[in-house]
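Let me begin by handing over the structure; questions about it come next.
Read from first to last, the chains carry the letters A, B, C and D; within each, the first residue is number 1.
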Amino acid sequence: MNPELLTPGGANVRAVHDAFHGDLLEVSMGPHHPSTHGVFRMIVTLDGERIVKLKPVFGYLHRNHEKLGETVSYLGSMPYTDRLDYLSAMTNNWAYAIAVEKLAGQPVPERAEYVRVILAELTRLLNHTCLAGFLMQDCGCSGTPLMYAFREREKILDLFESLSGSRMMCNYQRFGGCRVDPTPAWVDATRTLVGNYGAFLDEFEALLTGNEIIMARTQGVGVLSAALAINAGVTGPMLRATGVASDLRKSDAYGVYPRFQFRVPLGAHGDVYDRYMVRVLEMRESIRILEQALAGLPGGPIMDPKAKLRGFRPKAGEAYGRIEGPKGEIGFYLVSDGGPNPLRYRVRPPSFINLTVLEDMCLGQTVADAVIILGSVDIVLGEVDR
Amino acid sequence: MLGSGLLQGLAVTAKNFVGSFHDPARYTTVEYPEVKPALPEAYRNFPFLVSENATDPMGTLRCVACQICEKECPPQCIYIEKSKDKKPDAAGKPQIYPAIFAIDTSVCMSCQICVEVCPFDAIKMDQVFEIATTTRFEALLLNREQLAKPNSYYHGIHPTEAAEVDARLAADRKAAEEKAQAAAAAKAAAAAAAAAKAASPAPKAPDESRRSPQGEGGPPTPKPQSERGAVS
Amino acid sequence: MESIEQIRDRLLARFPGAQLAVVANPGPAAQHGLLLDHEHAAAIALFLRDDPVLRLDQCTNVTGIDWPEKEIVETVKSSVPDPAGGPAKIVETKTKRLQPGCLEVVYHLYSVQHGHGPVILRLRTGNRTDAVSVPSLTPVWRACEFQEREVFDLFGVTFAGHPDLRRILMWDGFKDFPMRKDYVEPDDYEWEPTPHGAVLEKAKVHYPAPAPAAPAPTAVPPPAAG
Amino acid sequence: MNAALLFATTGSVLETLPVTLRDLVTGWLPEPLRWLVNSLVGVGTLLAVIGLLFAYLTLAERKILGRIQNRPGPNRTPIPFINLRFFGLAQPFADGVKAITKEDVVPDGADKVLHFLAPVALLAFSIMTLGVIPYGRHLVLLEFDAAVLYFFAAGAATELAVFMAGWASRNKYSLLAAMRALAQLISYELPLLLSVVPAVMLAGSLALPAIVEAQGGWSYGFLPQWHVFTPWGFAGFIIFFISALAESNRSPFDLPEAESELIAGHLTEYSGFKYALFFMAEYFGMCALSGMGVTLFLGGWQAPLPFLEFIPSYVWFGVKLLSLLLVFIWIRATFPRLRMDQLTRFAWKFLVPLALINLGTAAFWSLTAGWSGPLQFVRWAVALALVLVPFTLLGRRLSAGVAPRTYRYAT
């Protein structure tokens, strides 16, 4: 492995700087900037419009989520996990539930596992659809793909609302199952949505995938090498876009994922277009998983009858549980001392760690590229800053 | 050919333009203040206190000020002070009641953990959402009187759930009565027999076992990590 | 994947002087850790990353744990033979000892190539006050760059060899380390009236109401009564 | 027969109606004064009509954009006093009131004079371009021989005002936007002019009414002899239209105000009424360029079919203008934005060569005007080949390395 990859910026900065000799312009993009997806900030040093240095600045949305997790009970952290990556509350819930279940050795009934898969894949659809919309907004579309994405997202959120009572802050998973049992009507509604989603994706792709401007804007932009991606802890669609076959649904085989037939799409170039396309193709696989899960949804209890809600005190020990969230590996590391609150509650935020390579991807590109590269990382500031 | 993707995109937007005039699946806007969205039954927003009787809401609160919700509330938005005296509840049994029960809705995040941990079905989730106020502090701090809503209201917003709760409470009450009767009978019999027996245990409060069975959690069963399933 | 003991043994064979200890995890998760010494940490990490059998090429999670000083009461039972010749008497002697506190940094390593993991590395500081340095593993895994900065920011562990060790989530002028167990939040942290009077009381201390007669110099209004 | 006559007479009455009305008012004035008042009336009418068009164009844009995005668009502003919403038709006026009453913030470090002058200059130049366009058979405000040159000279000056705004704002984003605007101006002025040359060549005049007249009549009795229905005209029109998009800073060439990159570009430090002036100038520019496109390629005020001639010419012009503006909006709703280097490359490596070749195509077309019978087919085939072959070849070169991809899956 090239050791220069490991120094942030490093060699690239020099190479780029040698190529241009103009005066440098330092621009602070964010925290109030239309395309920083919240209150993210990048201090960008420009030569003309080329980026020679980019330093991300975090923390504008920091609320010390992890400290909060140590001051409330295990159950009390569940609603807070909704607020990490607020686009994918259901997968955050699941990751936290899996970590606690590992910590306490809590089994989960089969029906709950199926429901969790259904909700996680719906979340993946929701997240990737929105991401495509946001990315195209960053490319300069006047809101059209974003509005289409939001239109479909609303339909998924309606499902979440009628199941969990809230559109985004679901607070649905529990240690040892799920809070509410989905009704047959809900399952039917989900089936209808899943049945229609392929047609929406076709239309969405007709608008975007073959568009010459989008291809020109995104192909060859923000290239990330597989070696650096692995080394920098990049996970999720971003890693797969570099051609690395890594999907926790396959490699960790958590939940009931081994029972479903699905493929893992891989990119070859590691650029923005690959990241977009990998997500689109993943959505198509999610639809396949959803169809299988909805067809095979078993009966039975949704909660383990032995699971405790009040007075939940896992034995002393620690556990790291992780799942394949839409943005990458979302993990929770919990240390218990036998008390009602965790001694240590740590979130492994995928979008935060994926930002490690932001500068490497942006060097030598233009301001316009930096915006779409950031968009293709798929960050949610609630999770980045915690 | 260069431009074919662009033309395809124009066709999609044109289709959506036309579709927005006739296809409700495309045009999903609800013009809010005039048209109210239909809320699903599960919809939740802010808790309220259930009282049995609409005419005497304060007297028939189910809440017995056990303070479990106050302890479990993640953002600590509930504040309860127990009463010094006891008042008869809906069933006529003397109970401690909340002298102060306040919820700071500026802090509450509607997570409904208070509802889940309540052993008495006394606090439930409301469906109000038009709750804008002109001040930030006092108006958002709801007190006991503002929080209490009758059981009939609960039936109106969550019919299925409320019916289940009522059935369960009725069963619990019946079981408690039977137990009390049995205890009384036993007591009478014991008194008649020896007349020196101590009082039999008081009937217990509604059963807690449905939500939190006592005893440690299940045996540790690690996830089958080795199970590498069907890979296509 | 090899068990943690096997990995330890291989590492000991490879790095003869290294001080390695397995930190057992009593919980059902059974994810045991490996405590490294500072001297060999970077070399061991590099070995773990490049070893063809393990190939722990991804360090997914880096975090700190604060272990404050703890008073441990140990009860030792000893049997004292009865001088009178009766059955030996069992005497319990309680000894109190102070377990020194430390800051611990935990690394979760996985292998993307082989799909196995986690191997958990742990590094401990000497104490919680002055010897708070551990070697940085950022030169081995770029993934540690921001996460080690975060541990530095929130726990106050300094990483020797980190290329850009600055605060990341808190602002630059911030003084304390908020994730430590003994962190006390400033009294102006939250001063709006809430049902919990304690916060309100703290606010009153921080923002004393201006005396009615004197020209109030403070611009901050007193909090409204709750 | 009678009906046709009736149509013809009403047609001619309606055709001259604006002029007749004006003469009714000003006809009694002595000559030099009459000329002055006539001009003022003309300018006033033009500004009123185009101003109203601007107001409702903003509303139409937002509404159409909304409908394309499956939402209603602005529909809640009631008409004052009667409190009827009426599809939000009062929205532009509410926007105007808001813009006027907003605080006008000038950055501390800004060049105050230039900061103020930029929107004024921009608006002035865009209004100037509106003067020469023939809106109808008798409706040309400023009729002179070098109208085409005048139009493009004034149009190019608008970009200088954009640069002024960006420079004077003393904001890094504005400065970047200003640089982008200049690069864009230089790149797209050339294809814009080159695409106009054939139309001028065929009409043999730089005067716009003459160019419109040259497009009169119908081939085969139904095909209008508008330039757009010839191979070179179609290609020229497309080049003109793309360049017009770039010249008016509209999507996908809205780089100077690239919202997602430069916040609002040169508009970042403008607020209130100055901002509204920029907005107005953008729409005026759009109208002017569309009007020019209609005049040069879409037959100006000519009716599309012979039996529709009874409808006054200015109505036809209006219809064509509005449909072009709709295409502007439609394109904005669909396309993302290009990058700066792609924008310039597209101009220099694609549009300019195509426009130059198109010059040759037009020359061929005018030389072979006498060909008839089967030679007509040859004429069309050669001309089409002259358009399509360079387009395909250059397009392939331009989009080298950019193609849809196929993806593999992990096993």
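One rule holds for everything that comes next: a residue touches a chain if its C-beta (ideal position, glycine included) is under 8 Å from a C-beta of that chain, and two chains touch if they have at least 3 such contacts.
Note that the structure is a prediction, hence the values are computed from the model and not measured.
Least step count on the touch graph, chain A to chain B: 1. Contact tally for A-D versus B-D: the pair with more C-beta pairs in contact is A-D. Chain centre most remote from that of chain A: D (centre = mean of CA atoms). Chain A and chain D have CA centres that are 44 Å apart.
We define each chain's centre as the mean of its Cα atoms; on that basis chain B and chain D are separated by 61 Å. Averaging Cα coordinates per chain places chain C and chain D 65 Å apart. Between chain B and chain C, the centres computed from C-alpha atoms are 38 Å apart.
Looking at chain C, one finds that residues 28-29 touch two or more other chains.
Residues of chain A found to touch two or more other chains are 102, 104-105, 144, 148, 151, 207, 209-213, 215, 250, 263, 314.
In chain B, 2-3, 6, 9, 12-13, 16, 26, 28, 220, 222, 231-232 are the positions where the chain touches two or more neighbouring chains simultaneously. Interface of chain D with chain B (complex): residues 64, 67-72, 330-331, 333-335, 391-392, 395-396, 398-399, 411.
Taken in their complex, chain B has these residues touching chain A: 2-6, 8-9, 11-13, 15-16, 25-26, 28, 40-44, 68, 72-74, 109-113, 116-117, 125, 211-213, 215, 217-225, 227-232. Here chain A touches chain C in the complex through residues 5-8, 58-59, 62, 64, 66-67, 102-105, 228, 230-235, 239, 244, 246, 250-251, 314-322, 329, 331, 333, 335-336, 343-344, 346, 348, 352-353, 355-357, 385-386, going by the rule given at the top.
Across the interface of their complex, chain A is touched by residues 25-29, 31, 57-61, 63, 65-66, 106, 108, 112, 115, 118, 120, 138-147, 154, 163-164, 168-171, 178-179, 183 of chain C. Across the complex, chain B is touched by residues 68, 72-73, 75-80, 101-102, 104-107, 144, 148, 151, 154-155, 158, 161-166, 169, 171, 176, 179-180, 196, 203, 206-213, 215, 250, 252-254, 257-263, 304-312, 314 of chain A.
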